[in-house]
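Chains here go by letter, A, B and C, matching the order in which they are written, and residues are numbered from 1 within each.
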Amino acid sequence: MTDHNDRFSEKITASSHGVESASENRDGRSEKDAAILPDRRSFLAGVTALFGMLAVSSCSWEEFAQKHFREMTKEELDTTIDRLKTQYKAKYGKDFVVDTEGPIDGTLYGYALDIQRCIGCRRCVYACVEENNQSRDPQIQYIRVLRHKDARMDLEEATIYYDPEEVPEKGYYYMPVQCQHCANAPCTKVCPVQATWTEPDGIVVVDYNWCIGCRYCMAACPYMGRWFNFAEPVIPAEEVNPKTHYLGNRPRMRNVVEKCTFCIQRVRKGLYPACVEVCPVGARKFGNLLDPDSEIRRIMATKRVFRLKEELNTQPKFYYFFAT
Amino acid sequence: MKAIIGIRRVALPVLALGLVWMCLPCVPSVAQTTYQPTYPEITRELSGGLEPKVVPGQEFPVPFKPPPKTITPCRACHGPEKDFPVNYQRKEALLVHTNLQLHHGGVRVWCLDCHHPSVRDYLLPLSDGKPIPFAESYRLCGKCHGTKFRDWRNGIHGKRVGSWDGKKKYYLCVHCHNPHSPKFKPLTPMPPPARPWTPKEKQAKH
Amino acid sequence: MESPGFISRVIKKLLVGPAVYYVWVLFLLCVIGVGIGAYTRQLQHGLIVTGMTSYVSWGFYIGNFTFLVGVAAAAVLLIIPAYLYDFGPIKEIVIVGEALAVSALIMCMLFVTADLGRPDRIWHLLPGLGILNLPSSLLGWDIVVLNGYLFLNLFIPGYLLYYAYNMQEPNWRFIGVFILLSIPWAVSIHTVTAFIYNGLVARPFWNASILAPRFLASAFCSGPALIILVYQLVRKYTRFHVTDEALFKITEFIAVAMALNLFLLGAEFYKELYSNTHHLSPFKYLYLGLHGKGNLVPWIWTASVLNVVAFIIFLIPATRKNFATLNLGCVLIILGIWIEKGIGLILPGFIPSPLGEVWEYVPTTIEVLVAAGIWGTGLLVFTVLMKVIIPIETGDLTKRSAAAA
């Protein structure tokens, strides 16, 4: 595995964000300083009159004044990531990695799901929760597994709350739905502050520190692919995944929107998303749409595929297919 | 034991059919080890040019699913010098292997449709006449399940883990399908999602 | 700019008034205080204290916002006859409508802010400092047009009042440009607000091109109805002169707007019922209940009855010109449109969800209190504006009276 990691780190440094993954010492500011710098020292004492709300949302001045991810210079990004690491360490007691790796050149991610194989066991749902640090309470689960009656694909007749002893059940089939990473994404279009956008490799991401929490994107998404942290997310410290990406699974704060990122922290290192890895029936397929020899392209070439709600012209990069 | 098979070679067409191991218990689990498969020489012309273009050098380990120790090697019992002569007749009540329930292909499939009658540690050969080791059982599977095999080879059927554009591990047919009873076994589903909360202010007190 | 002493005189004006004025202001301040308390709680715990969920992600706040944009836009119904057609009776009183628009706009902005998860990041919307996602985000456009309209409705009356205070004739040629501009602008605030919902393919209930026209039609019912009530209060408690003629002219507008509103609603009903696709589901939820859930059913039928009764009242000249029935009609129409354009428009957009689930929404006490606080703020702003504007308009507060004092 080591050699393959090296291979990817080459790609990563050449990536378009031009941001190396966070290294420790820079700008003459040692790690020690960063640790000592109290997160809350510079509370908004002076401007409380103006932004009293900041005090109650317990957010530091640095966090308040932080720029949009795509507008930060390398130095600003480094400082931000140091701050995040300190913050996460204090909260979860673990040393976090917060990557900022950009897209790999020549990739456009696509996903395929074999609805004939899927047995509705929800292993993907929970693997996703663990990998992506989703709040356990209130519960956030990026993947909803719909159970359809045989010979029907009527969403209003489907349910996600089925709970039998064993799956698959006779007379039903299953269709997991998550963010479809639309090429013509209705959600990014509506965001009033560009806090969500499509990366060059096709992943629709959110800058959790830029989102103002208006939830317009949730109203715009036809797939319920977006989730809102209505309360402070709760993740047991022992379960938290410290390998994170800035635009992906780093712990979120209250009152911002989050979503599936195809496990950006994994796929930009060349790994399969967590849901693909866990699927016991191999119904989940992932790959590079620009590579004619990728699994996803082979599926598109040889199988009958369809996209959910294609009539809306959202152009998802998430394909459902029938393998047999 | 780590070993690598060129995808090119796996992708090479096995135009044949077949079945699987008779001596395996039915636990679909993944072995941690990989192995060095021995490949018979099959010329590329046989492929008919149907398989997709393969990136040169793209390689992946094929995991090995070891047969259970208790009943192997088969030759410990089966062999010309042993007490169990080859019986080509279908027989429902076996003296040994009573734990095996054969639910594969209905009445048409019998032990010796897959297992080699005389070289018991191997499976039946393809057209090259060379018996197939258990470790390469998928080649025999492909003999009957040609379309599934092709899909598996192309990464459409079956499971792969690892790297989407690099090294990956292929799950073999027998990892998920017990060859004697290949239908995928039902699983207990994980808990359903919570229903959206009813507005209660106390819930805010985290 | 203003002559010295203006500010202090205004403050003096605000501090002095009849007993009912003190009671009213005190009441509003209490309501606002409660609202602030509730909002602090929301800030502390997050939006989980509201009834909103991932399924119904907008609720009471956005419903009130939508209604109030309509109220704000309705000022244009006074501006057109007043400034364009020089209709005397309305021209004298148009300034009250503009003050109402200002108050409504302030409430709109407060409602949107209350709905934001991260109000501390509101600066992200400021062009220059943050990123305002134009031209693609309709919410971005809405912020532009609402603030533009707020500016116009502050600037135009402010300019005219300045000259009234100084007892000079304003430069009509100059201010006329802004007055003209305010007419399409009023239409735009409501159109853009409709477009916020209208453009979402995920929500078939909103994704109908009839939405924007319906918005305008209903806005021109509820806003003027509110104005009629306000005028009667103003002329009762102040020396401000409002003729019956002006009020009856406004009722005619309401009758036409209501007719249009009902017609458009009928057109929408026909399309959905006859084609009978899945797009009918939100209508079913709203009017009949869906999968055994129908919290909104009694509300929407109440609203429908109120609107139809009000329409009949405004249609018949006898009831339209009788102040008892006229005021009843106004109240009915305000309540009817508030339900129809508020929760009746927002919630069915989310029910059933795009994946077919039916989860209902009920506002929590906190939401209702915050909303009450915002309404209180709006009314307080309006009261203060009235307290300043009316003496200037009636000539009690001018430069000359300052000199005399």
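Operating definition for what follows: a contact is a pair of C-beta atoms (placed from the backbone, for glycine too) under 8 Å apart; a residue touches a chain by one contact, two chains touch by 3 or more.
Only a predicted model underlies this, so the values are computations on that prediction, with no experimental measurement involved.
Taken as a graph of touching chains, this assembly is fully connected, with contact between every pair of chains. For the pairs A-C and A-B, the larger set of C-beta contacts lies at A-C. Work out the mean CA point of chain B and of chain C, and you get 69 Å between them. If you average the CA atoms of chain A and of chain C, the two centres end up 39 Å from each other.
Measuring from the averaged C-alpha position of chain A to that of chain B gives a distance of 34 Å. Residues of chain C found to touch two or more other chains are 45-46, 48, 50, 53-55.
Those residues of chain A in touch with two or more other chains are numbered 138, 144, 160, 231-232. Residues of chain B in contact with at least two other chains: 195, 197, 203-204, 206. Partner chain C is touched in their complex by these residues of chain A: 51, 53-54, 56-57, 59, 64, 68, 71, 138, 140, 144, 146, 154-158, 160, 177, 186, 189-195, 210-216, 218-224, 227-232, 254-256, 312-314. If you check the complex, the residues on chain A that touch chain B are 1, 4, 7-8, 107, 114, 119-123, 125-126, 137-139, 141, 144, 160-168, 231-232, 234, 267, 270-272, 276-277, 279-282, 285-288, 291-295, 298-299, 302-303, 323-324. The touching residues of chain B, when paired with chain C in their complex, are 195-197, 199, 201, 203-206. Across the complex, chain C meets chain A through its residues 40, 43-48, 50, 52-55, 57-58, 112, 115-122, 124-125, 130-133, 136-140, 143, 196-197, 199-203, 278, 281, 349-350, 352-357. Residue ranges of chain B in contact with chain A, taken from their complex: 52-55, 147, 151, 154-168, 171, 176, 184, 186-195, 197, 203-204, 206.
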